[in-house]
Every structure is written in C-alpha cells, then in structure tokens.
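Read from first to last, the chains carry the letters A, B and C; within each, the first residue is number 1.
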Amino acid sequence: MATSTRTVRVFPFSQLLTHLVLIVGAFCMLYPLLWMIGSSFKPDSEIFTELSPIPRSLDLTNYIRGWVLGSGTSFATFYINSFVVCAGAIIGNLLSCSLAAYAFARIRFKLRGLWFAVMLGTLMLPFHVTVVPQYIIFNALGWTNTFLPLVVPKFFAVDAFFIFLMVQFIRGIPIELEQAAMVDGCNRFQIFTKIILPLLGPALVTTTIFTFIWTYNDFFSQLLYLSTEKHYTVSLGLRLFLDASGQSAWGPMFAMTTLSLVPVILVFAFFQRRLVEGIATTGLKG
Amino acid sequence: MTIGHSSESPAATGLSPSRSGARPARTRKPLSDNAYGYLFLAPWLVGLLVFLAGPTLVSLYLSFTDFNLLQPPKWVGAQNYITLFSRDPRYLQALRVTFTYVFTAAPLNLLFALLLALLLNTRIRGISLYRAVYYVPSLLGGSVAIAILWQQIFGLDGVVSQILGFFGVHGSSWVSSPKQALWTLVILHVWQFGSAMIIFLAGLKQIPAELYEAATIDGAGKVHRFWFITLPMLTPVIFFNLVLQIINSFQAFTPAFIISGGKGGPLDSTLFYTLYVYIQGFTNFRMGYASAMGWILLIIIGVFTALAFLSSKYWVHYDDAR
Amino acid sequence: MAKQEDQEMAGEAGRLTRRTILVGAGALAASPLLSGVSFAQDATTMRLSWWGSDDRHKKTLALIQLFQSKHPGLSVTPEYGGFVGYQDKLSTEFAGGNAPDVMQVADPGALIAAGRLLALDDYIAAGKIDVSNASKSVLETAKVGGKQYSVPWGLACGCYFLDNQVFEDAKVDIPDYGWTWDEYAKVAKSLSKPGFYGSADIWAAAGTRALAGLEVFLRERQKYAFTPDGKIGFGPDELTEWFTFWDELRKAGAVPPGEVTALETGFETSPIITGKAAMYPINSSIASSLQGLTKHKLTVAPFPTGVGSTALKGDQYGAFVNSSMQVYINADAKDKDLAAAFVNFVLNDPDAAKIQLMARGVPASSKIAELVTPDISPVEQSMVATVKYVADHASAGFVPWPKQGAEVQDLMQRSHQAVAFEQASIADTVSQFFDQAGQILG
C-alpha cells in the first residue's frame, strides 16, 4: 500500500484520505454515466417515468434495435466513418500544428507577433457567423458529402487551439538543448524532429486525445458536410433516433450513446498512460 | 491584413522542395530565421488563406448588411451595430448572462481542474482509473442525456432540492427558474473540468523530475517545492488554460443549447451570447445582424485576451526567457 | 471502402495546389451568396431530404424504392437525419446553392419569401399533382400570397392528450370532442391535487405551441394570429383575456407554476410523461411516440371550443387541421416534373400510403386515410378520429403566417413566461408584446 514515490512521499493515512476524496468525487462524476447506462436497458415507457438509474432487467433489446437501423445500415458503418475522420484529423493536427507552434515558439521571424495575434484571433469569432461562407468554399471545391471538409483543413493547422497549446509546451523546453544542437551543426528541421518532437510528448498526447474526442463528438460540421447515410458518423447516427416533431426511439438512442462512449474511453485510457510516462522517463541533461 | 503578406507564403512553399530535398551541407549558408519561420509556418498560412481568411472577411462584410442567407445581402452601413446597442434588450441580456457566466464558471473550472490535476499527479493505486473517471463528464459534453440528467438533479424533485429541503431550504426547481437556471449551467461547466485538467496534467508531467530531486537534496519541503518549482514551471500551462477559458466561456453554446432546448430560457435567463448569435442567424434568418454580434464578440474576447497577455509578463515563467 | 476514402482523402490533401487555393479564395466571390447561381444536378438523380427518426427513415426509404420502380433509370438520393439542426443545414445548403430537389421544411416562411421554393399551382392546374382528394381547408393552410407552395405530407391538429388512468382514478369522465373552454377548466381543476396538476400549461420552455392554442381561441372570436399583410391580427383585449384565463388556472393549481412548465424541453419531459399533469396540449402527430413513453393509456381530444361556456359551431369553431409535414420542391430543382410526380405520388398513391401509415401524420387524402386506418395502433386511431372530427367542423378560413411568424411565436412564449414567473403584470406583458411584435414584423 505504501508505495513511496520518487517525487512525493505519501504516508498511508494521507493516501487513504486521498482515495476517499477521490471516490466520493468519482461518484458525482459517474452518476450521469450510470444513469445513461441504466436507461439503455429500459423500455421507452420507463426511461422518463422512472428516474432511478437501476433498470429492472438487463434487457438487450435497445442494443439490438439500435445497432442495425431500419434502412439496413448498421452502426459499424458509422464507427468506421468516425474513425477515418478522427484518424485524418489527428494526423493533420499533429503534423501541421507542431510545425507552426515551433515557428511561433522558437524562431524570430518578421511579423511573428502579428501572425500570432491573427492565429489567436481565428479562435475568437463565433463559429456560426463563418460557417455559411465556409460551406460555400467547400461546395465550390466539390467537397460536400465527402470527409474532405472535415479532414483536409486539419492538415493546414486551422485548429489554432493546438498551435497555442504546443507553443506553450515548447517554450517550457530548456533552450540550452537547442543551442547545443545548433553548435553541433543541426539545422532547424533536425532540431524540430530530433529534439522538440520527442520532448513534446505530453502536448502531442493531449492533442491526440482532444482531437479524437472533439472530432468524434462534433455534430454541426458533420451534419453540414455529410448528407447520405453511408457517410454518416457516430454522432450523426445517434441523432437519427430523435425527432422532436414525431416518433423518437429513446431506448435505442441511449443504448447507442452508451456504446459510443466505449471507443472514447479506450482512447483516453490508452493515451493517458503516455501522459504518465511523458518526459519523466525521457531524461534530460540539464 | 493578410493580403499584404500573402506573397511570402508561396515564396516559402517554393523553397520547400529544393532545400529540404538537398542534403544539409555545412558549407552551404544556413537559411535565415526569417526563411525558416515562414517555412514552418507555411501550412498554417495556406490554411489561413484558403479556409479561414475568406469566411472571416465575408462575415465582416456581412455585418454591415442585411443578409437573410437566401437573397443577396443589402448594405446597411453600421445599422446592425446601432440596433444592437440601442434597440435590442435581448442583446443586452445576452451580454449580462455571458459576462456573469465567464466571471464565475471560468475561474471555478480552472481551480477545480488544477486541484484535481495535482491530486491525480500522485502515484497512488488506480490512478489511471481515477483520471478516466474524472474525465467522463467532459466526454458526455453535448449529449442529450445531460439535459435530462440536469433536470433530474436540479429539477423539482431533484437531488439538490431534496438535500436543500432537508436543511429547511424549500426551494424550487433550479434548472427551470429564471433566477437560478444560469447557476446550474455554471455548475455544469465546473463539473466538466476534464479538458483543463488533462492539460494541467500534461504540464505537470513536463516538469523535469531532476528539479524536484535537486530540491529534495537541498532539503526543500513539500510546500516549498510546490511554490518554487511546480507553480512557476506550470505558469505557461496555467496561462494557456486561462486564455482558453476566456475564449471558450465567452463562446459557450452547447450547454445552454441542450439544456434550454435551444431557446436560452426560461425568460432569456440562459441566453448565452453565441446562442443569441445562432438564434438570430439561423432561426430568425438575420445573418447580417448575427455577424455584427460575432464581430463585437471578437473584439470583447480580443480585449480580454490581450489583457491576459499583457499581465503574463509579470507572472508567467518561460524557460526560453533571454 | 473506408480505406479507399482514406486514400482519396490523403491524395486530395497532397494535391492541394495553388489552383485549389485560388478556387478557395475565388469561391466566395463567385458564390451564390452574391449572384444567386445554383449548381446543375444530374437529370437522372433527385435529392430528397427529410427529418425524422428510425421509423420514418425506414418507411421513406421504402417509398423511394417504390417510386424508383415506377421511374426506371431514376436514382433518388436520400438525405435524412434527426430534427435537431435539420433546418440549419437546409438554410446553409440554400445559401450555398446546394439544396435538395424535394424536401420537408420545418420553417418555410423565409424560403418562400426569398423565392427559393416552387409554387405548385401550374402543376396542380395541369393535373400533374392531383389534390382533389385532399381537404380544401388544409390546402389553404399551405398557401402563401394566394399560391400553393406545398401539399400536406400528413395531417394533424392541435389537440389535448389525456391520461386515461388519471381520469379513471379520479372518477372524472373523459370529455366529449365538443367540450368548451369552461368545461376544460372545470376538468383541470377537478383532476388537480397537491403537486399534481389537471393540465399542462399552454406554453413550454422549448415547445413550439405558444401560438397554437391562442390561434384556436382567436378563431372562435373571428380573429387570426396575423393579418393577411403580415401584422398582428388581434388586439390587447384578446391577449389580456387569454393570459388571464391561464393565470387563473395557474393560481387555482389547475395548471403548473412556471418553473414546472419550464422543465419541459421536449415532449419526452412533458408533465404528462413525468407524472405531473393529466392533460397535455400539443400537435397530434406525436401520438404514438408519446404513448410509447408511458404505460398509462392515452387518448386524444381536440382543443376546447366556444367562448366561455357556449360551444360554437360552423364559422366560429376554432380548432383547425393543418399539415403536420409538408413536401416542398426547390425552385431550382433540375427536373421539376419529376419532383412534382414525387409529390403526387406521396399524396395519392395507395401503395405509398400503405408503406407510410402514420409516419407523417394522418394521410392527407381522405380516401387514403380510410384505407390505412385498420392497420394502426389505438392511440393513432384516436388521433385519426380527432383529426377527422376537427376537419369536419373546422371553418375554411386561414391566414398564413408571415416569414417572421416563428419569431413572434418565440416572443409569445417569453410573454407567457413573464406572466407565469410573475416577472411582469399581465397589462405590462401585453403592451410589451405588441411593442416587440411590431419591431419584429417591421
């Protein structure tokens, strides 16, 4: 129990206390999830009338009804589509944002301040006022009803959020490493690939996790650009069950929503391990 | 503003194949910082030019027009901006709601995220599980389940009412009362602190372990290590989270959209700024008016972000400071 | 397949050249935003777009199969999704000149005003769309400026859903279809007990029914929500009477206080489902979905009639039937004859009706409605009977909403809230309503 660590020495009692606090907190965090899982086993006639999270039986009907839609398309298609879009977005963001971030963080070039302000500025305009002109561009390129509008821009670092994130992390890397490499004759690209990228681990992992989750959960842009069912992603698939003006299938919606959390939790669990390892094991020469 | 310097971007792209294809030769004069800067920045510049600049400038133009999405825009000068401040009480309400939200939800969210990140940075058993669990609310973000759940917790017979009733506070249905509905959204935002927490965790992980070791050898205590190593080393990430919270909470949309059913009710008590932008632009077909609102928001966020950057000189510690 | 698209994606990314950049930058200048040009579509395809849930998607896809089998060589592209965001996507597609050929529209006012939807009168006159079996009064509700822009793809009416279990337990009789507002108030009061309300209020936080009840009430007084030239069609007296009626019920505990009503974010969280009320006003088209959410038996009743306790008939009967869903044709549709053929198909084809059943409300053609009635559930039969009763009694008059109609409805909803939450007196709320409505309607 008393696993002492390198960094913080923890006594068993305080560790117990930490566990206690964390467990109480965890319950508050998890309650909604439990409620949703519970609802996914209930028939529609009980979901809104009986609010206890515990279902009467583990009835899998909702899962079976939800997985294959009336059209014959199954959620398997939506999962594949979501993964394709997410993979594209992740690769795009990792490549393009890290390049831009390195420039902003380390290279003194003309108008750097201006471009940095412009980059942050792109985060500040509400999405809804630029979405129509953006749609017109993608429509003119013939990209509507393809994954391209959701992926290609990521290869051009349109998610300024991640550039800024990486800038902050790169600025936390001791500059002496770079100066030493320069003395050894490395050019900027070599420094970037051999020093910065390996040390940027935590930021790259964070970028991966966030890009995956945000792309996976994104609704409005996928709704706009994907029009036919074979292109639909999970987040669009989930909305196929709900119609505010008529018939809705709540049970299957909750079942598929529950299921849709599995990949997100897996991705998070897998990558957060990398977060633990991070720089601590990389070793630094001061 | 982008036009003037766009010529540098193709120039930089043009350099790319010839230079990076060649083997780095020591005899060759190395590229200047300027060239390297724009080379690294090239993808972003292209993206800015192709995907962002056009729509942004168009929305600026539209903010001076009457545009219903379906017919060509009609130039109206500054009329939209004048109407916003002189004849639109709902807009002023949206400003009130948003500022209240930003100044409460954002700091609380950051505080919780930082505390939990510190707590989850210890090496105790099941730490991965805890981290995942504390991130779960952020995963549920825009799900319909949240709306129903929030009613269950803050509704008439909800958990909160029952607990308060136990203490003699006989209250109401928080989530549907004009006086309290906004506070339930503040709580929702604080509850979804997962993203900021992850960024803090990543920041904590980047602090070189050697620093702690050296300090421990020097006999520094826990508190001392926190104040003189952890906190200063974490300031770039705290700063990042602060700026992001400012930007994101001014633009908060989804919570109000799902919990109020897209109307910002009851009685406009949760009429967030961007929700009102959406309602005017898409529900009421006044995209010109919505664009004007969007640009005012850009200015508001810009001012607050600039203030954050100005203040950062005094409290953010960078390792590359020269 | 996924892999192929992945490669296609990567390829496109790699090929992003200066030309693409120019296209991107130039696209805005050349866009329909400025010129109103639309892009040509292949003549042998037709894009059809609707919202719904799984049941409707399945039935509509089967409809498409049937339609294609009657038009060899035609390929219909189905584009469908849930309700949330549907109208936003449609607006964006129209703005981008990339809208479907045939579609459901939730809020057609602005599209019609901008001339983006096709008037069907020529096709009706030429016999390409046969409306002879459709109710004249319902067709009237889909006219704007004297032109027929859509045909109903299903009928509905504003109605009350009644929780029969509660009526039974309280030994209160289920009201007749011809009940008056006074009888309604009496029933609501007799079903109430502490923490339980006889009826849900006439507004809801997210609902779109804030004007529906008032319209019925106004028609009983020979008024309409709007005038033909797009102004408010009633005066402060009517609105005061209306607000007062509800305020008294609220104070008597017969309808819930504001904070309970505001809990409703959709019919799934309505008081009839959460066990807070026995009667619930909404559009009849949700019948089977609402029944699916509760184990209590539900039946449908029309809106109450009359002024006070006097039931009125004929021209003074207030309730009316409208289309629960309408089918529209894009004014820029490539093959308008084909689109018209599809509209005629959904309206008149018996086989199509057998597939659809009640997926979009009661079939608009009376002949077809009779044909499918045996195949439906009890609550749907109750819905059909109510719609038929209202159709038989309704007067013909109808004034279409102006394009800002939905915005005025939202304003009405906020006005109801101001009274319910006691933020303003009825007199102040009424005068503010007319001020702000005037501003919206210009």
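For this structure, a couple of remarks:
Please note the rule applied: a contact is a pair of C-beta atoms (placed from the backbone, for glycine too) under 8 Å apart; a residue touches a chain by one contact, two chains touch by 3 or more.
For clarity, every value in this text was computed on a predicted model and none was experimentally measured.
If the chains shown are joined wherever they touch, the resulting network links each chain directly to all the rest. Looking at which of A-C and A-B shares more C-beta pairs in contact, the answer is the pair A-B. Subunit A and subunit C have CA centres that are 37 Å apart. The distance from the centre of subunit A to the centre of subunit B, with each centre set as the mean of the Cα atoms, comes to 15 Å.
For subunit C, residues that reach two or more other chains under the stated contact definition are 16, 20, 24, 27-28, 33, 84, 88, 92, 95, 266, 268-269. Residue positions of subunit B touching 2 or more other chains: 46, 50-51, 54-55, 58, 69, 148, 282. Among the residues of subunit A, those in touch with two or more other chains are 48, 131-133, 137, 155-156, 219, 242. Subunit C makes touch with subunit A in their complex at residues 1-2, 5-6, 8-10, 12-13, 16, 20, 23-24, 26-28, 30-33, 39, 49, 51-59, 61, 77-85, 88-89, 92-93, 95-98, 106, 266-269, 273-275, 283, 285-286, 288-289, 292-295, 324-325, 359-361. Within the complex formed with subunit C, the subunit A residues making contact are 44-49, 69-71, 80-81, 83-84, 87-88, 92, 131-133, 135-137, 139-141, 144, 146-148, 151-152, 155-156, 219-220, 223-224, 227-229, 236, 239-250, 252.
Considering their complex, residues 1, 3, 5-8, 10, 15, 18-19, 21-22, 25-26, 28-33, 35-36, 39, 48, 51, 95-96, 99-100, 102-112, 114-115, 118-134, 137, 153, 155-158, 161, 163-165, 168-169, 171-175, 185, 187-190, 192, 202-203, 205-206, 209-210, 213, 217, 219, 242, 253-254, 257, 261, 264-265, 268-269, 272-273, 275-276, 278-280, 284, 286 of subunit A touch subunit B.
Chain contact summary for the complex, subunit B toward subunit A: residues 1-2, 5, 20, 24, 26, 30-31, 33-34, 36-48, 50-52, 54-56, 58-59, 62-63, 69, 116, 119-120, 122-125, 127-128, 130-146, 148-149, 152, 191, 195, 198-199, 201-203, 205-210, 212-213, 222, 233, 236-237, 239-240, 243-244, 247, 251, 253, 273-274, 277-278, 281-282, 287, 290-291, 293-295, 297-298, 301-302, 305, 318-320, 322. Considering their complex, residues 16, 18, 20-21, 24-25, 27-28, 33-36, 84, 87-88, 91-92, 94-95, 107, 110-111, 114, 116, 205-206, 258-263, 265-266, 268-269, 276, 403-404, 406-407, 410, 413-414, 417-418, 421, 423, 439 of subunit C touch subunit B.
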